[in-house]
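Next up: some structures, all given as structure tokens.
First chain A sits with chain B, and in the next complex the same chain sits with chain C.
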Partner chain A sequence: MPNYYDLNVHSSPECEDPPERLISVAKRCGYTAIAITNHSNLWGEVTGEGVISGIEIVADKISGLKKKIEIYRPKVDVLLVHGGDPKINRAAVENSEVDILAHPSHYFNHVLAKFAAENEVAIEFNLDEIIYTRGVPRVRALSAFQRNLKIARKFDVSMTITSGARSQYDLRAPRELIALAGLFGMSESEAVGALSETPWNIVTRNRKKKRPGYVMDGVELL
Partner chain B sequence: MDISPNNLIFHELIGLFAEVSDSTNSSLVGIKGKVVDETRNLLVIGDKKIPKAYSTFIFSIPNNKVKVDGKLLVSRPEDRIKRRLRGGK
Partner chain C sequence: MKNIPSSMRERKRYIAFEVLSAEKIDRSELISELWSSASSLLGDVGANSCNLWVLDFDGRRGILRCAHDRTAMVRAALATINRVHGTRVGIRVLGTSGTVKSVTEKFMRQVDYSKDTIN
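Then we have the complex of A and B:
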């Protein structure tokens, strides 16, 4: 069985539950590790076993986004950008320092996909949106997922599935997320990859960059 | 521009002291000396021609030793130096 990782979980002080509680619940669900990714205005460093340090950067202007990326990039293993705005989405996929573009919603297209593939920015399918909405908003979320999936496949953009949990009760087991991903047409092998392989590649890539002596890919100080 | 670990792979290599630290051809491992010539695919260290793509090199530059995957050096030297101007891509 592969190791599963959930790269978008919010904890206290942003939400009620402390990280330790979320981690123990996630372990029971079958995750190897989860990333605590609080929004940048409420960020605090979280470390420990089964935790990947992360952040979700919220910005309303491109210049602010760039500044925040510069500040937080050396501190975290996973850097998400809170998407949903056309300009922010575009700025995020054009920046190779960004790991994941979180919930791009309807504003993801072939142009962004090309940049995302080039800069190795993964796009996120935040299943929170279909769990917590009903009626028209849910239909909209599903159709956006369907469209994004089609574009991501065509341009070979890496994909991640996350729960976007805001409390311990929001965490879903990997099998449940994989089944939910089937709703918008993601195949089982794609979904397993999006929960295990892709997140792990992102984390190892960033941890490698943090090692002392790292200059760039293939160049190392002795 | 002064040579540094950041710009080494876009820099003139002839004249630097180099050592082959790893290679798919094990008889090349351990060869050291001055780099005397460079082509697209080869680095000439002393009188030995080393294929770049299948070797890892350790270059000695002032104050530092830098380990470089030879794959990054595969390019004609005159083109390799120009890559820096375009942001290293």
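Then we have the complex of A and C:
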């Protein structure tokens, strides 16, 4: 069984539940670790067993986004950008310091996909939209996912699946998320990769960069 | 009336699940929420094709029966349940199996995820 990671979970102080509680529920669901990715305006350092330190950067202007990426990049192992706005989506995929473009919504196309593949920015399929909406909004969310999946496949963009949990009740086990991803056409092997291999590659890549003596990929001062 | 011969009965899967909630959940309320979630996500036709039936539920853990080729859909429908009668819940599948006996033995006593498969 692969190791699973959920890279978008919000804890206190942004939401109700403390990180420890979320981790114990996540472990019971079958995750190896989860990333606590509070929004940048309520961010605080979270460390511990089973935690990947992360952040979801919220910005309404490109200049603000760049500044925040510079501040937080050395502090975290996974850096998400709160997407959904066409300009922010574009700025996020153009920046190789960004790991994941979170919920890009409908504003993701072949141009952004090329940049995302080049800069190794993964796109996120945040399944809370399927879990928490019904009717027309859910149909819209599914259609955006289906479209983004098609584009991501074509340009070989990495994909991650997350629960976007804001409380312990929002966490879903990996297999449930895989089943939900199947609703918009993601194959089982793609979904497993999006929950295990891709997140782990992102985290190890960043941890390697944080090591003292790191110069560039493959070059280290000993 | 005579029982239908076993060779002509629909094939089934049994799903063991666990509900995470602050309060104990009522069986009938869970069933009505399950049906409403399933028909909202899969439509009336899809929900019917799943052949859902709750066999056993003690307020925390339970066993659900469904059509053998619809377990992925049922998993998805279970995942979209977030409230039962106003109480926040999260449902987790413990495992699936072909008979009530094996699902009880494998998953209701001790949870072993490595034995669970998606379909």
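Here is the rule we use: the second predicted complex is superposed on the first by the 222 of 222 C-alpha atoms of A that agree within 3 Å, B and C clash if a C-alpha of one lies under 4 Å from a C-alpha of the other, contacts with A are read in each partner's own complex, and residues count from 1 in each chain.
Here is the rule we go by: contacts are C-beta pairs under 8 Å (C-beta built on N, C-alpha and C of every residue); 3 or more make two chains touch, one makes a residue touch a chain.
Predicted model only: the values in this text are computed from it and were never measured.
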| item | value |
| --- | --- |
| Combined model on chain A where chain B meets chain C, clash or fit | fit |
| If touched residues of chain A are counted for chain B and for chain C, the larger one | C |
| Which of chain B and chain C A:Asn109 touches, first, second, both or neither | neither |
| Which superposed partner A:Val219 touches (first chain B, second chain C, both, neither) | first |
| First (chain B), second (chain C), both or neither touched by A:Asp170 | second |
| Touched partner set for A:Arg134, first chain B, second chain C, both or neither | second |
| Chain B versus chain C as contact partner of A:Gly30, first or second or both or neither | second |
| Which of chain B and chain C A:Ser12 touches, first, second, both or neither | neither |
| CA minimum distance (chain B, chain C), superposed complexes, angstrom | 40 |
| Touching both chain B and chain C, residues of chain A | none |
| Touching residues (chain side chain A, partner chain B) in the complex | 215-222 |
| Of chain A, residues touching chain C in the complex | 1, 25, 28-30, 130-132, 134-135, 138, 167-173, 175-180, 182-183, 188 |
| Footprint of chain A on chain B - complex, ascending | 5-6, 8-9, 58, 64-69, 71-72, 88 |
| Sites on chain C touched by chain A in the complex | 20-21, 40-41, 72-73, 75-76, 78-80, 82, 88-90, 92-93, 113-114, 116, 118 |
